[in-house]
Amino acid sequence: MSQKQQLINQVIEAWRALQQQAPLVQCMTNSVANNYVANILLAAGASPAMIDNPFEAEDFTKISAALSLNIGTPTTEQTQAMLISAKTAQQHQVPWVLDPVGYGAVLKWRSETVDQLLQFHPSIIRGNASEISTLAGNNIQSKGVDSTLNSQDVYAQAKSLLQYTECVAISGESDFIISKPLNAVIQVNGGCYLQPKITATGCALGALTAAYHAVAPATIAALAAHIHFAIAGKLAFEHAQTVGSFNIAFLDYVHMLDDNLIQQYVDIEVVDMES
Amino acid sequence: MSQKQQLINQVIEAWRALQQQAPLVQCMTNSVANNYVANILLAAGASPAMIDNPFEAEDFTKISAALSLNIGTPTTEQTQAMLISAKTAQQHQVPWVLDPVGYGAVLKWRSETVDQLLQFHPSIIRGNASEISTLAGNNIQSKGVDSTLNSQDVYAQAKSLLQYTECVAISGESDFIISKPLNAVIQVNGGCYLQPKITATGCALGALTAAYHAVAPATIAALAAHIHFAIAGKLAFEHAQTVGSFNIAFLDYVHMLDDNLIQQYVDIEVVDMES
Amino acid sequence: MSQKQQLINQVIEAWRALQQQAPLVQCMTNSVANNYVANILLAAGASPAMIDNPFEAEDFTKISAALSLNIGTPTTEQTQAMLISAKTAQQHQVPWVLDPVGYGAVLKWRSETVDQLLQFHPSIIRGNASEISTLAGNNIQSKGVDSTLNSQDVYAQAKSLLQYTECVAISGESDFIISKPLNAVIQVNGGCYLQPKITATGCALGALTAAYHAVAPATIAALAAHIHFAIAGKLAFEHAQTVGSFNIAFLDYVHMLDDNLIQQYVDIEVVDMES
C-alpha cells in the first residue's frame, strides 16, 4: 500500500473514532467564531465546550480530550485563561492546537501572548500563510505562502516552527500539512473559493483539528480536519453558489461526511522533504 | 374539560399574549448563544435585549418584563451583572429564569455563582438532566434524568429545588416540567434528535421560557416554551434532515407557530404527584 | 442629469470601489452582532477585522481604511478601546461611523460613553429613530422618527447632530439620510418587514456604512449601504418569507448585488432642506 493510501486509511479511522468517542474539546476562540465553531464541531461529531475564563481553565483542561486556542479577539481574562490552559495541557499531555490569528507587527499584544503560548509546545500550529510565515520569523510577509508556492518553499518557510510543535498546518487555496514525524509536506486540495468569504471558517478548522487530535496523532489529525473541510466545501458548492446558502450546505456536508465520501473525494499529495 | 386541555388552552393564550405584547426580555447569556437566542426570541414574538454589564444591569432589569440568566461563558463583569439583576428582579417582582449551564464539581466558579443566584429565587430553573440533578444535590450524575425515567423519578430528583423556585424544567428526548403549584410533572414529547447537535438550542429554550413568563405564570410559561420548541423541531425535521438546513427550518417554524399548530401537534402528559 | 441620478451613479461607483479595494474595516460591535456583521461585510466585498481590545486599538485603527463603533454590549475593555480608536481615527483622518445602540436615559453608562465619542466627530452617525432622536436631545422619544414623518420633521429632529458629523442615517420602514454637505434629506425605500425580526441587521448596516465610507464620501457611503440593504431585503423577500430562510437569502443577495441590480431596483427621493 502506498504511503498516500496508508494516510487516507488513517484519516478514515480518525473520522470513525471521532464519531464513536465524541471527544470533549475545550475551545477558547474569538467572539466572532464561537457559535460557528461549536456548530461545526457538533456537526462533525465532537463535543465542544467553550470554557474560556481563568477561574475554571485549569480544572476543565484536565478533563478535556483536546484543547483549541484561537486568539482572534483576546480579552485580559481570556488571555489569562489561555496561558493557564496551555500550561495545563502540556503538563497533563492533553493535545492542543494553537491558531495565532493576526500574528504580526501591528497586533503586538496578542503576538506577545502567542510567543508565550509557544513555550507550552502546541501539538499543532494552524494558520493562514501570512500568520504562519510571520510566526516562523520571516520578514517578507507579503510574499506569504500561497498555492503558487511549491512544497519546498512551504517547508522552508515554516520549518523553524517544528522546534515547538509536531505539525504545522497552513490553509489556503490548497492546504499544506507539514509533519515533523513524517518529514514530509502533504498538500490537501479541494474546498471552494467561497470559504474565505465566510467568517470563522479558519477558526473552525483549527478547532476541528483539535477535535481530531483527541482521537489521532498530530499529523493524521491535521490531515483529517483539512480533508473534512476540503470535501465538505467541494460538495457544498455543487449545491449552492452564494455565501448564505453555501454556508448552510457546508454545515450539512460537514455533518454528512462519512468514510465512503472521504475515500471517494480525498485529493492529497505527499512530498518527501529529505534531501 | 380535562386538566390537560386546560393547560393546552393556557399555553395557546400565552402564545397569543406573547404576539400581542412583544415583551422586553433582558437576556444575559453566553458568547456562543447570544445571536441565536436573540433570533429565536424575535422569531417567537418577544423583544430581546442583551444587556449584561454591571453598570446598567439594575436600571435595565427594572424596566424589563422578564429576565433570563444563562451562565455558559461567564466573565467577571457579566457575573457581577447577573447578581445585580437577579437581586433587582426579586425586589421588583420581575419574573426570571435561571439556566445553570455546566453546574457541577469541575466548573466551580460558575457553580458558586449559581448557588448565590439561587438565593434570589428564580421563578423557573431550566437545564438538562445532569445539571438539574447535580444542582438538586444528587451525587449520581451519570444516572441523570432521561426519557427512560418515569415521572416519579424525575420528581424525586428535582424536588429539593422547589424550595427556591416555582417550576423546574428539564430538557431531554422528552422534557419534564415540574410544577410546585400544580404538584405535578408534565411530560412534553416532540422535537427532534438533531436539536442537541445545534449549539445553544437549550440556551434559547431558557430565554424563550423567560419570554413566556413575561405574559404567563411560571408553569404555563415553561410549558409553552417547551411545546413551542417541541412542535417547531418536529415540523422542521419533516422539511430538513441535516443540521444546517434543519436549523434554518427550525427558526422558520419557531416563527410560524400559531394556535392551530399548537392544538394540532401538542403532545403532553400530566402526572399527579400526590401520594 | 438629475441630482437623484447623479447620486445613484456615485452609489454604483462606490459599490465598484468596494469590490476592487476590499477595504480593511475595523469593527467594534456587540456580542450579538459580531459574527453576522463580519459575514455581511465579507459578502458585500469588504475585509472586516473585529479588533476591540484597548491594547491593540490605536495601532490597528491607524492601518484601517475605516472604523465602525457599535456600543450594543459594552465591556470595560471594549469601551476603553472605542475611545482610543475614535481619537486615533480623528487624528489620522480614518473615516468612522458611530452606532449609539440603546442611547437614552435608562442605559446611562453607554450613553455617557457615546457622549464622549461624539467629541471625536464621527463622520456618520447611524441609528434607529428613537436612538437618533434622543441623541439629538429630543425628550419626546415616543414620537420618534418613523415613516409617517415627512423629511422636514426628520431634518428638524436630527439637525443638532450635524455639529458633530457630516451625515446622520436613520433606519426604519423607510430610511432617511441627512446630509450636511448636500443640505438635503434622502429617503431610501425598499427592504422588508422581516429585517427587524432578525437581530443585528441594524448593526450590520452601520458597519457596511463604514465599509463604503472607506471608498466614498460620507453621504454617498451612507446612501450606498442603505440602498444595498434595501435592495437585498426586497429581493430576498421574493424568495423566502420566513425569518430563517429570509436571512439566508438576504445574505445571498448582499453578496449578489451588482451595478445592474442597483440601477434597476434603487428607490430614493431627495428633498432640499433650504428654506
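Think of it as A, B and C in the order they're written, each chain with its own count starting at 1.
What we mean here is this: a residue touches a chain if its C-beta (ideal position, glycine included) is under 8 Å from a C-beta of that chain, and two chains touch if they have at least 3 such contacts.
If you want to know which protein each chain is, UniProt gives these names: A, B, C = Hydroxyethylthiazole kinase.
Just so it is clear, the structure is predicted and the values come from calculations on it, not from any experiment.
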Rounded to a multiple of 5, how large is the rotation, in degrees, that superposes the C-alpha trace of chain B on chain C? 120
Note whether the interface between chain A and chain B is symmetric in residue numbering, meaning over half of all numbers used appear on both sides, and answer same or different. different
For the pair chain A and chain B, the C-alpha centroid-to-centroid distance in angstrom is 35
Hunt down the residues of chain B that sit against at least two other chains at once, touch-wise. 31, 35, 75, 247-248
If we count contacts the way the header does, which residues on chain B are in touch with chain A in the complex? 30-33, 35-36, 72-76, 102, 106-110, 196-200, 242-245, 247-248
Chain C residues touching chain A in their complex are 31, 34-35, 38-39, 42-43, 48-53, 55-56, 59-60, 63, 75, 77, 247-252, 255-256
